[in-house]
Structures are given as C-alpha cells and as structure tokens.
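Two complexes follow with chain A in common, the first pairing it with chain B and the second with chain C.
== the complex of A and B ==
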C-alpha cells in the first residue's frame, strides 16, 4: 500500500533526523554545558538565555527566521552556497540545523545541571597531579555524569522526533528528505485519511511514552 | 476563592453559548479566498464572521461538530462529501481559481519552468492549487525541483522569503499582493483541471441566513467582486 510506504519513509526520515541531531548535540553540548556550569563570566547569563530560547519561543518564530537565514541571500544560505554549491532551505541538512537549535536546550540544560553537582575536590586533586584540563573533562567529568549524558541524549532525540513547527516552516514536505512523521500526520488529517493519521499519532504516542518510561526507570537504578 | 472561580467560569460559558438570533453568520472559508471575502463581507448587508483555514482542516472541524453555517471550500470533493453525509446541502460553484506562477527573477513561463529551478507549490495531495500546479508541471514535462508547502499562502511565502526561485500560487494572491505583471505568469487553463471552488449551506439552525448569503454569492454584484479578486 502506497500510504504505508509513505509512513515508513517518513518514519525513516524522522529517525535519521533525530539520530543525526542527537549525535551532533552530544558532541557539542558537553563543552558548552560545562562552560555554563562552571564559568563566572558575565556572558554566562546571556549565553544561557540564548540556548534556552527555543524552550519559550514558538517554533514557528525560529522557523520563520531560519527560512530567511537559509535563503540563498541569507547568511546561512550564502555559506552553504559557497561551501557546497547547494541551497540549504528545504533540504535534510537544513532540517538538521533547525533541529540542533530547537533541541539544544533539551541536551545542554540537563547536562549543565548535572555538571554543577561535580565534586570540586576530585578535580582539584587531579589538577594537582598534573592532569590537563581537557583530560580531566574527558576522563573524569564525563564518566561521572554518564547517566546525565544518556538522559540528555534521549531527551534530545525524543524532542527532535516531536518537532513540528520548524519543519513546517523550513522543511518543504519533500518525501524521503524532509517529510517527517509529524508532517505526514498533518497531511493525513488534511487528506481525511483518519486511519493513517491514527497509525502515525498512536505510534508517536507509544514511542514517546515507552522511551521516557525506560529512561526514567533507568535513571533511578543505582 | 472557589466561588469566584465558579462565577468566572460560568461567565465565560455564558459568553460562549450560542444564542441564535442576531449572531453573525459563521463562515468556514478556504484561505485562498480571504481577500475576496474581505470585499464581499463589506458589501453583504448581513453580519458575517469568517474562520480561514485549509479546506481539509475546516472540513474536519465541521465533521467533529464545530458550528459553521456556510462552508466555502477550495475544492468540490469535500463539500460533496458533506452533502453525501447530509450535513450540508445546496452546493454552489462560487468561484473558479486561476493558477499563476510567481517568480523572483527571470521571465515566468514555460521556458522558466524548463530551466533547473526550485519552485514551491501547495501540497498536491491536499490542496487544489497544488494539484493543478503538479498537473501543469507534468504536462509541460518540466524538471523543476519541487518544494511542497501546506497551502498556496505558504508557497507564496517560500518565494517571498527568497528560499525558492518561484512558486505556483493563486491569482487571488497576486491581486491582493499587487505583484507586477512581469513577475507572474497566468498558467493557461488547458494545462490543468479547473479549480472549482464549491460552497455549501451547512445543515443547522441558521440555514435560512446561510442560504441568503449563498444567493448573494451568485448575484451579479458579488460575481463582479469575486472576478476582481482574481477568480473566474
């Protein structure tokens, strides 16, 4: 059935988008979160606010500006055009960029909170033994906060799966490239295909519930 | 505290309860017809309130029990389905949409489409203008890279933002936005199945007033305003 193939394809795009976004966020967020957790710079509050913006802004606001930025005349679009010779809006790469911004607070926030609880004495001891800062971070801090890292990753992934507003604005609903499940669901409703809509909606609901349940359970295991 | 809350809630409930007489006629209107309806509303003697949206969403809301008195769809299928379900009657082709190609640069037309361009169109699976645009592209054998928008309004926005080279839109938008003639191409009507926009009177307490509005839509005065807004 064509409709089922369409849903499977949308599920694949959604999974790929969430996985790519989460992978990039798990690389970029720890240093940023560490800085936010430890710094005494006057820039901490503004940076933290900037990171948290997607929590409070309607995704359509982000999408509206991202579309302008990704147009060939916009800053991001111009960079993409120069580097890859291809436009950014309505591409998978464009969606990844949007998702990174959108899900950033969901990864950076929990990590920063966890990092704030880091035992300072341990770090001082390591420093007095001559362990370099980068090594201290990689070998001490990150293993200490393994659970927080996993939780942040899961939240980032789940939140990206649930993305709608930004994709609506910058996605362009292209099958196999930017049509994600939330958009496919919207399409089904518009097409009056309520069976298809139920399939997608229920899958997303069950997926989110199961993922969150397992994560919370795992977090409580000592 | 609890008593105040109850009073406030009761007040809100009262304000929301339909009282029937003297209420404006509730219209569910396909978004592409927004600018046309603005001038019709000003001309129509009665009081009307319009909710704009895609025909699919408005249809879904109607079926789920939202009260509308008139449904002006962008297509013919959804009104027909409402008539089949006996939720509505008196279908009437109140306007026929005209498809245009709006471009950011270059000369719009068949050659423009043949070049390797990115063009936005309303989702062909859900929006009548998108369906017509896709038919046009297919019939011309154009190789344009297609970007799907929710509806013609978003297709137009994609082009306006500069993110695509051009967009298939409704003539009504071109008229409303006052786009200069060298920037758009009125797609010849033999290239796509006519975009017949059908309206229905929704069964319910306000049927008579609704029928009056539909009769008005068929009047020469209203026809003139609708044509001026970019329809046929």
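== the complex of A and C ==
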C-alpha cells in the first residue's frame, strides 16, 4: 500500500504546515488586529487592504510573486541564503511563509471585528487602576475575546489545510517536504487514480465539515 | 495636593467644558451641579481619559497634561470610581479586586482584608459580575479602586446604586480613609445631604464651567446653592474647648458662644465640623436664659431669603454662618433683617464623621 503511505505522508505535511501557520498567526495576528481595530492612523486602511489581499487575489498571483521573492535571486531568497545557506522556494519554511500571508486575513479579520466590540469603558477602568496597555491587552482584551481567538485559529487552520494555488507555485511537490493533501489530490486525478482521489477529497470534505460544525456549535454555547 | 485645571474641551455634540480651577485639595471636595454641567467630564480630564482636550492639568507642580508628552492615564496616581461599576465580566469579584495587584505607580494602596471587610465583600468574592446586584457591583468597583495605588481618588457618584443604609455606612468610611492616608477625594454627588455630611470643600459646575471652590461652610449657607429645600443646613467649623464627663458633653466654641455636643470629642482634633439643619434652628431677638435647649448662640442676621412658604435666615456667628428656617410671619413680627442681633436656638447638631483631625 505505497499509495496509502503517500497519502498519510501528505496528510502529515498538511497538518504540520497548518499547525505551524496557525501557531504563528495566533501570536502575530492579535496585536495586528488590535492595532487595526483601535488605531486612528491614516495607515489603517492601506494596512487593512494589504492584509485582505489574499481574500480577493487568485492564490496563483500571490504564489507567483512569492516564488520570485523566494528564489535565490529574490529578496527573501537572498536573506535565507545568507542566514541559512539555502533558498526558500520549494522548502517547508517557504510554504509556512506563504501560508501565513495567505491565511492572515482569515485570522486577522475576525479578530479585528471582535476587538472592535471591546467596551472602551472597561479599558478605561483598567487604566484607572494603573494597569499598563500591554497588560490590559493580555489580561483583559484577549480573555474577553477567547471565543473569537479560537474561531480565528480554527478558520486559519482549516483554510491552510485547504490551500492549493500558493503551494503549487512555491512548494513544488516534494514528498515529505512540500507535498500537501490538495497537491496529492491533484496528482491522483492527473494519474486517473480516482480511488485515491476520492479518499483524499472525502477526507478533506469530512474534516472541514466536522471542524466547522463543532466550531459554530461551540461559539453559540454561552 | 494642589490641583490646577485650565482650559477648554469641546465635544462634537456641542457640549463644552471650561475649567479654571486652582484648588488646594484637602479632604473631600464635592463636585456638584445639575446633569450635563460637566462634572464627569472634569473628572475624566483629571484622570487622563481626555488626552486630546486642550487643557492644562497640573498637580503639585507636575504637568500631567498640556505639556508634551501627556501623562498616560495609567501612570497618573489617580483612582477613579465611575458611575457604572465597569467590572471585568470574565473575572470573578476577587480577581476584579486584585486586578491592579501588579500595577506600578506611586500612591497609597489599602490592604485587601480591610477593604473586603469594610465593604462586606467576603460573600461576593467567588461570584461573577453578572451574578451581582447593582449595589454589589458598585461595592466591588469601589473596593477595586481602593486596592489600586493612588494619591488622589475621583469618585463619580460611587454610591448611586447603594441603598441609603449602606451609603450612611460607607460615606464616613471614605472620608476617614481620605484623612488617614492623606489621599484627597473629588466626589461627584447629586445628594445635598451627602455633600453636607462628607465634604470639606465644594466645587460647583454650572453650564460646563467649573471655577468656584467654596468651603463647605460657605457652600451650605449660600442662598444660591441649588435645591436647599428641607435639607438646608449649615456646616460650621468649631473649636474644641473642654469635655465635661459629668454630663458627658463636649463644649465647643462657635463665635462668642459655646455649643454643647454629646460625647467626648477631645480626640477629634482642634477643628470640629458640625452639621446644623436649618429646620432645627429657631431665632429669638431677646435673649432667653432659662430653657431646656442648651445651645443658644449669639449672632447677627446677615441676610434673609424669602422662599415663598417660609424664609431662610443666615446668621453670622464670628466667622461662621448658621441657617435658620423661619416662617415669614416670624420675619415680620420679629422685624428680622440684616444687622439685627439674634440668639439662635439650636435643637440638634450632628458631628460630622471624617472631620479634620
């Protein structure tokens, strides 16, 4: 059953990629979302637009530019060469970077929406007690938006699992390194292996449905 | 603590606050005025929640606002209790109370047990804000502020949701805390009785303008003080003279006369504040020597305010003023007018707790 081993391996890469991406996004997105939700800076709209780009652009467009940037001659690739001695294109790290950009709006957007509902009176009350802004964010804002954080994390994870275009452009198709489930599925169909394709497609479908169902149910629990 | 607030704040709604205050805060300063007169806004400016206002805030020579950079709210050693409790909904009462445990700013911080004891919070500690009544929430909010470091307390009607029994208990406690720790309080109040029983100073906000600071004595006997009605009464400052253990009476000096008050006040300090309701003061134009009312104080009528059904007479006793509620008929029969010498017969006095010590 070499075929199944191949699917398991792709599933492992997919899960690892989604988990890494989600973990990084859950660290980076809250401060960014908070800034977007609260700032009166003129830079808010451009930054928000930049973050939202993956929502409207074909993933292949992003993938194309990322590929150029990650190539040994590109800026990201050059940095990676200098730091790690290897380019980024067609590596797992490159995939993580692409996934972060691609899934960013799915984590940042919902969080910013949730943060906008923060009761400013409570922040004032905390300030009146002598509590600094960073502590207010960690001990007040984040716990009050626990559900939004979980929902954003789930969305980010599920969305990374479902990514295809960017992976196709910058990941190549290296088993155990950059071959994720969506690519493996594409391969099966190309090879006319419809049984294997069904296994992957149905697994992804059921996974997504189950995760979203549980998330939406949990969000409604008071 | 010397507080200077100077400048103007204009809101989109058209509301404007003009402040021109230079006040030596000592004890409890009541901030009074009708709704919309700018009381809460003034507190917000002092606390640091109006960073965009073109206002100078100066405290003991330090500029908090008006110079750049503006001192952020959390760095100002000011504890604010808001009109609404503003408890953190995801934390139980205990965690709300200890929220500021790690706050690093200068100021007095009270002990947890003392605050919990006094505000009777022990039964509430494990409960979440949504499980508490309005009054309970306000008590937790008050405790939370007392547990954060501060050199100045701003109270925006902190007891509006409490029943009158709790108010009567908590108000003197706050006044005592303020004395004991030398942390002045600015206290927004709608209740004249609260002002007269707590405040040492009174600031009046009128149409978004705050500039006048009176002693509570001046305020209590000013005819321009709003809604005096039945609660009208003077707050006078007396000097302690002696305690007579035989009758358990303390002798205090008001003007040229003596006042007798139940209990030993020798430890209450040299100046003792008394609240004397106008309805408990009668006037006589010829001295009455033999009667059961002990407190007969000589004075001179300063002014009469005809209030329709009755009149209020302001009587000067030395550098202090008394108020007497009299009928208009008495005004005519005794020919009461400014400059007439009278004897004020005082039926009841209340020693104010939290009096200067």
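Just a few scattered comments:
One rule holds in what follows: the second predicted complex is superposed on the first by the 222 of 222 C-alpha atoms of A that agree within 3 Å, B and C clash if a C-alpha of one lies under 4 Å from a C-alpha of the other, contacts with A are read in each partner's own complex, and residues count from 1 in each chain.
The rule is simple: a residue touches a chain if its C-beta (ideal position, glycine included) is under 8 Å from a C-beta of that chain, and two chains touch if they have at least 3 such contacts.
What you are looking at is a predicted structure, and each value in this text was computed from that prediction instead of being measured.
When both complexes are superposed on chain A, chain B and chain C sit side by side without a clash.
Using the contact criterion defined above for the overlaid structures, shared-chain residue A:174 touches chain B, although it does not reach chain C.
Looking at the shared chain after the overlay, A:72 reaches chain B, while chain C stays out of its contact range.
Using CA centres, the angle subtended at chain A by chain B and chain C is 160 degrees, rounded to a multiple of 10.
In the superposed model, A:190 makes contact with chain B only, not with chain C. In the superposed pair of complexes, A:87 makes contact with chain B only, with no contact to chain C. In the superposed model, A:125 makes contact with chain C only, not with chain B.
Touch criterion met: A:143 reaches chain C, while chain B stays clear of it.
Put simply, chain B and chain C get as close as 47 Å, counting only Cα atoms, in the superposed view.
Put simply, chain B touches chain A in their complex at residues 54, 56-57, 59-60, 78, 81, 118, 120, 123, 125-126, 146-150, 158, 161-164.
By the touch rule above, chain A contacts chain C in their complex via residues 121-122, 124-133, 135-136, 139-140, 143-144, 146.
The residues of chain A lying in touch with chain B in their complex are 67-68, 70-74, 77, 87, 89-90, 168, 170, 172-174, 179, 186-187, 189-192. Remark: chain C residues 47-49, 72-75, 77-80, 82, 84, 86-91, 99-100, 102-105, 107, 141, 144-145, 148-150 touch chain A in the complex.
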